[in-house]
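Order as written gives the chain letters A, B, C, D and E; numbering starts at 1 within each chain.
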Amino acid sequence: MTFAWAIVLLVLLPLAAAALSFAFPRRGGWLAAGAAVGIGVGTAQLIRAVLADGAQIHQVGGWGAPLGIDLRADGLAVWMLLVAGINGAAVALYSSRYFGMERSEEGRHRERYFWPLFLFLWTALNALFLSADIFNLYVTLEMLGFAAVMLAALAGGRDALAAAMRYLLVSLSASLFYLLGVALVYGQCGTVDLRLLAAQAPAQPAPWVALALMTGGLATKTALLPMHFWLPPAHASAPAPVSALLSALVVKGSFYILLRLWFEAFQVRMTPAVAQALGALGAAAILWGSISALRQARLKLLIAHSTVAQIGYLFLLFPRAASPKAGFLGWSGGLILLGAHACAKTAMFLTAGNILHAVGHDRIKDLEGVTRGLPVSMFAFGLSALSLVGLPPSGGFAGKWLLLSAGVAQGQWWWIAMVLFGSLLAAAYVVRVLTHAFTSGSKPAILNPIPPVMEWTALVLAIVAAGFGLAAFWPAELLRAGAPQAMPFLAGGAAP
Amino acid sequence: MPDADYRLYLMASAAIFTIGFYSMLTQAHLLRRIMAFNVMGCGVFLLFITLAARAPGPVPDPVPHAMVLTGIVVSVCATGLALALAGRVQTVTGKTELEPGEDAGGRSGAAHHGSSA
Amino acid sequence: MNIDGLVLLGILLSSFLTGVAIFFLNEESHRLRTWLNLLGAGLKLILVAALLWGIYQGHEYSFSIDFLPGIPLALGADAHSVLFVTLSTVLWFWTTLYAVGYLEGSPHRSRFFGFFSLCVTATTGIALSANLVTFLTFYELLTVTTYPLVVHRGTEDAMRGGRIYLAYTMLGGTVLLLAVVWLHGLAGPIAFRERGAIESLMATRRGELQALFMLFMIGIGFKAALVPLHGWLPKAMVAPAPVSALLHAVAVVKAGAFGIVRIVHDVFGIENAAKLGVLQPLAIAAGVTILYGSLLALFQDGLKKRLAYSTVSQVSYIVLGTAILGPLATIGGLVHLVHQGLMKITLFFGAGNYAETLGIHRVSEMNGVGRRMPWTTAAFTVAALGMIGLPPLAGHVSKSYLNQGAAAAGQEWVAILLAASSLLNAAYFLPILWRAWFMSPPRQWPHEHAFGRWETHWMLLAAPLVTAGLVLWAGLSAESSFSPLAWVKLIAAREYGP
Amino acid sequence: MGALSWAALSLPAKPPGLAKASLDRLGESGVAHPVTAVLLNYRGYDTLLEVGVLLLALAGAWSLGRGEQPAENPQSRPLLLSLLRVLLPMLLLAAGHLLWIGAFAPGGAFQGGALLGGALVLLILGGLARRALKRERCLRAGLALGVLVFAGIAAVTMALTGGLLQYPPGAGGALILVIETAAMVSIGLALGLLYLGGQPPEGARRSLLATPPDHA
Amino acid sequence: MIWRSFDWFLLLAIVGLGWRSLNDRDLFRAVIQFIAFGLLAAVAWVRLRAPDVALAEAAVGSGLTGALLLSALARMRRREQQAVPPRTEASE
């Protein structure tokens, strides 16, 4: 199967499924299932191709950059597709029961609109990861943003709508910042192709401003401190599967573009100062996010604030990977952490959804005795917490290990302390939840039964998150096999 | 019709974008913020089109034109969506502004259980 | 990796799969759970026996899979591993039996035994680790799997104890992680017993190595309960008795002591460590811990608390032996790893029996308990006398080797220290024995349960009797060729061999 | 703003754009108007996703619940109706014209779609679209049409030429026209229906003149 | 010269209208100014030789967006009037 067919499966199939599920609202679940299978096949094929032959390029329309749009699958892109695929499929499975639980007119309405929006979101993610064209990335970014906002609004309550409104305004402004940057880049370089930009490496001032604008916009969409304010309310008030998508995947879309910009197209501008500055924001996010997660009274808000902190970890990738001493260690560490966080966060939000539905609230201090009613869910929560804290052999551990190793190789002790301290804070806030869950309360307090599929989906994802450190060498291999030639820093700090 | 003075247009695009962004930050009414977004967008489009007009050759560069067309459609979609959402926000909360308190993040729903279920 | 290596994997999986299976058992399927537990424990015993036999036959065991990029998850069976894995497997079997009896009828048993099995998996994993990252992995797993056991009762007290336990051990784990990452950054991935990397750094990176050694000792010292990192141990006493037994004799504290031995012997090498000048501070820390633990034990009225402080003190014997250069001290320290385990588990079984049968939690309530529960008290007495170091019991063997080793190394202060500690041991154990045997029982016990024919449930009785027997055996047959001492001598010979 | 102006002014006076490249290869694109060539051929993939965004925006708006009929002034209705009678055919004609001339002159699916959308808004305002708005299934199909046709053609070109949206030689013009027609219908519908601010109101409503109750 | 002053005039008008439309106290007037802003932008596109964009801007950017804004404003006002107690000050 050629790369082009994989694109048909990864982009056109979910897009068509989205349109069809809008046209035939009752078939949404089945269409999503079909799209999930197609995406699975496409991703598997791409992984195989990348491992065998390195990065793959497809010139849409046969024109080729700069006139046409190039799509590209390299190790990074395929890894992101895989992460999105796993989490997307899990959320789809979960949602097949979640929205059906509510038998009201409103519940049916939600289910009808969840599927097209969800499929658009998945289309946008796949298209985003495959794109090598910064204007095309803008279009995918908008699609991603719209789908995310409307999914967040699906809960329909007062909080959810206000949060979604804020999210939309923030997201739209951020997109325009990005687009303005694209305009400046095009005016300077005459191309919007990532690889051609990398080859040009212009030194004029305009790209600096462009890069600053794009970074600002994308960092806002990624909810990097101090532009994180919109995230907790939006992620916490959305329906559980949507929260999972938002935290696990949506913020990573814009983060991925940041990686592409700084490490590929404009890598000449990746000076130590820039890397340290981005890393410092990440460190601040770890602190702020963790401490405010500690102070939350509600489970979903706690998880949402933890996302802010975990995003901070992702930004530690910049100072780590930008160094010639540790490049690949930091790079693979950050990206493995990204995958691990996605799975762990999805599992956590799905668990929170189960709890919310089962006991009718998610106030942490009143969760006593929940373990008895929902042992599988709480076990899933515990397992995903392992990964969030970074205990071995979880994916979170593998990622942090590599980041720490990179820090040691660079001799930057301040960052190492930050990572370790962040882990302790993470341990503190997850233990806060587990403590209440383990306390033998007087009442089991389970109001509504939870369909087993919803509990087991969360558990399987949690097992993936907690166990995939055991296979951490594999994504590292994938990232190396598919590393584009344009990323010379990856040669540095290769794992022995 | 002689060529326009492009420097003027470039500066105007920067000004329009800045005005839009400033209002996005300072205005509270949702309708104004949505308009502010459109004004910002207009600034970006003006930059694109000016750059296209500066391209060497007899005809302007069509690529930015196509990009702007895409952008305009996206922004009208965004406007429609945002207005619909703003309408719902007003129906549910009775307000046409977002509460500034929510900016802090984390306050929302401390006492109030979101209707997500 | 070889086929033999699968035995190692089997040793881990025998309890891991049991644990996972138990999680999914219905709370009511009491019999099935018991059988599963004993099956897992028995299977593990058989596999360990097979391992011992194989090693005796000259087989080499190793198992490794890819883990982090460039670093495998590796298991191996060297002399240290076998010593610790045998100890923990044997004691686990009896603790399981004991726990089944102890928790009869209490809630959340599936959860309890699930984590119980996982906890032992982690302990055997620590024993069998063949490199630092594997060690770290199981070390953290141990933290995670013991937490639910500590908080098992779910009371306010339990939760508080659990929080403190977790805070200490997570902090320790973090420091250990830092040390491991740092060492990997300096020397690349290291398997145990390969000291080339360290040796090449000895000349150039002396300061860093010293700092690293300190970090390792702090990181592991939390679990080994070295003063002042011991604060969690008395608080963790809220756990049910079998858990305390496991924590003190088999799993957590012991894993800490074992970790210190590993780092000194197999990562740095005892001679390198001596050249770095880091052994003396470690010895002093151990000495302080020994005295401090014994002193505090003296003032505890709670029986389990007294035993807990006694552990703080006794475990540092192992550390002390490791920190003194010379084969005799090494033997003394290592053999105490086994002997202390046997004695302490017996003591905790005894304490559990008193609590479960008569509702006794305090030393002051123990008057005449020997008449009501002679078998339990006999086992308790054997272990307590062993702790004091009375010949021919197990404790005596360890202490005499430590004494001789210290003398050989020219560290006379150790002899004084040990004498003082023995006196203190006697001071806090003998009054208990006196009360138990010679004072008259009260008219009514605080909270008496009837258990039929025997003085208590037979499962609760069997375990301490067996372990007390082991204490006797380890002391009496110390000089035979199948005792822990013989095995330990082998290790020491290799450590100081050519 | 200063930095922005400074950056914009620092851009090269003759930017190295793609003007020449896009004109040079116009012959291969199947259309004669460069902007249409960019939109539907060189960068057709962008447009495919964009048609998706349009549908997504509408789906998003509908997900918020039912919209409302805009309240209108009864006095203005006769006037509006007579205006519509003249305007509507003209708008439809103009939309078709724009679509057709898009191949070689300014115009195309977006502009045509915008006119269609405008016509739809006028119909709604005039209360003439009431029956049409009740046929939700047709609306949904019409809205999805653009995406489905576009994606379908993308897949077909894949089968024919081995390249996504790589039109077989000579067939470019025709395929682009098919895509544009379907896209124009969907664009027009979507833009017009966004005006309602939600899903079309339920058909049960008696009179357009009655103030619709708030949809909570 | 004439064209140059035309550019000046056009751009000043656009910037001015942009500012006014976002800051006028009366929302209705603000929307009308916004529509005018869009139409002037369309003129600018023509001036920059972008007739496609001008067409789209006039139809979509100004026309449809204006219609959307006006109807949204009308709906908002109606909701405000229906709300109990009436809150007129929010429309400014």
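Throughout what follows, a contact is a pair of C-beta atoms (placed from the backbone, for glycine too) under 8 Å apart; a residue touches a chain by one contact, two chains touch by 3 or more.
Note that the coordinates shown come from a computational prediction; the quantities given were computed from them, not determined experimentally.
Engineer: State the smallest step count from chain A to chain E, taking one step as a move to a touching chain.
Structural biologist: When the steps are counted carefully, the minimum from chain A to chain E is 2.
Engineer: Using mean Cα positions, find the chain sitting nearest the overall protein centre.
Structural biologist: Smallest centre-to-centre distance to the global C-alpha mean: chain A.
Engineer: Measuring centre to centre, with centres taken as mean CA positions, what chain is farthest from chain D?
Structural biologist: Result for the farthest chain: C.
Engineer: Going by the average position of its CA atoms, which chain sits the greatest distance from chain E?
Structural biologist: Using the mean of the C-alpha atoms as each chain's centre, the farthest one from chain E is C.
Engineer: Report the inter-centroid distance (CA atoms only) between chain C and chain E in whole Å.
Structural biologist: Inter-chain centre distance comes to 77 Å.
Engineer: As a quick test, compute the distance in whole Å between the mean CA positions of chain D and chain E.
Structural biologist: Roughly 21 Å, centre to centre.
Engineer: From the C-alpha centre of chain C to that of chain D, how far is it in Å?
Structural biologist: 74
Engineer: Got the chain E residues that touch at least 2 other chains?
Structural biologist: 52, 56, 60, 64, 68, 72, 75, 79
Engineer: For chain D, jot down the residues that touch at least 2 other chains.
Structural biologist: Correct list: 4, 8, 11, 15, 17-18, 22, 35, 42-43, 46, 50, 53, 56-57, 60, 64-65, 110, 191, 194-195, 197, 214.
Engineer: Looking at the whole structure, which two-chain pairs count as touching?
Structural biologist: Touch list across chains, by label: A-B, A-C, A-D, B-D, B-E, D-E.
Engineer: In the complex of these two chains, what residues of chain D are touching chain B?
Structural biologist: These residues of chain D touch chain B: 1, 4-5, 8-9, 11, 13-15, 17-20, 22-23, 34-35, 37-39, 42-43, 46-47, 50, 53-54, 56-58, 60-61, 64-65, 67, 110, 187, 190-191, 194-195, 197-198, 214-216.
Engineer: Could you list, by residue number, the parts of chain C that touch chain A in their complex?
Structural biologist: For chain C paired with chain A, touching residues are 23, 65-70, 73, 107-108, 111, 133, 136-137, 140-141, 143-144, 148, 151, 153-156, 159, 162-163, 166, 170-171, 173-174, 177-178, 181-182, 184-186, 188-189.
Engineer: Note which residues of chain A are touching chain B in the complex, please.
Structural biologist: Spelled out, the residues of chain A in touch with chain B are 102, 135, 139, 142, 146, 149-150, 153, 155-166, 168-169, 172-173, 176, 179-180, 182-184, 186-187, 228-233, 236-240, 243, 292, 295-298, 300-301, 305, 356-357, 360-362.
Engineer: Of all residues in chain E, which touch chain B in the complex?
Structural biologist: Listed in rising order, the residues of chain E that touch chain B are 3-4, 7-8, 11, 14-15, 18-19, 21-23, 27, 30-31, 34, 37-38, 41, 44-45, 47-50, 52-53, 56-57, 60-61, 64-65, 68-69, 72-73, 75-76, 79-80, 83, 87, 90-92.
Engineer: With touch defined as at the start, can you tell me which chain B residues reach chain D in the complex?
Structural biologist: On the chain B side, the touching residues are 6-7, 10-11, 13-15, 17-18, 47, 51-52, 54-57, 59-67, 69-70, 72-74, 76-78, 80-81, 83-85, 87-88, 91-92.
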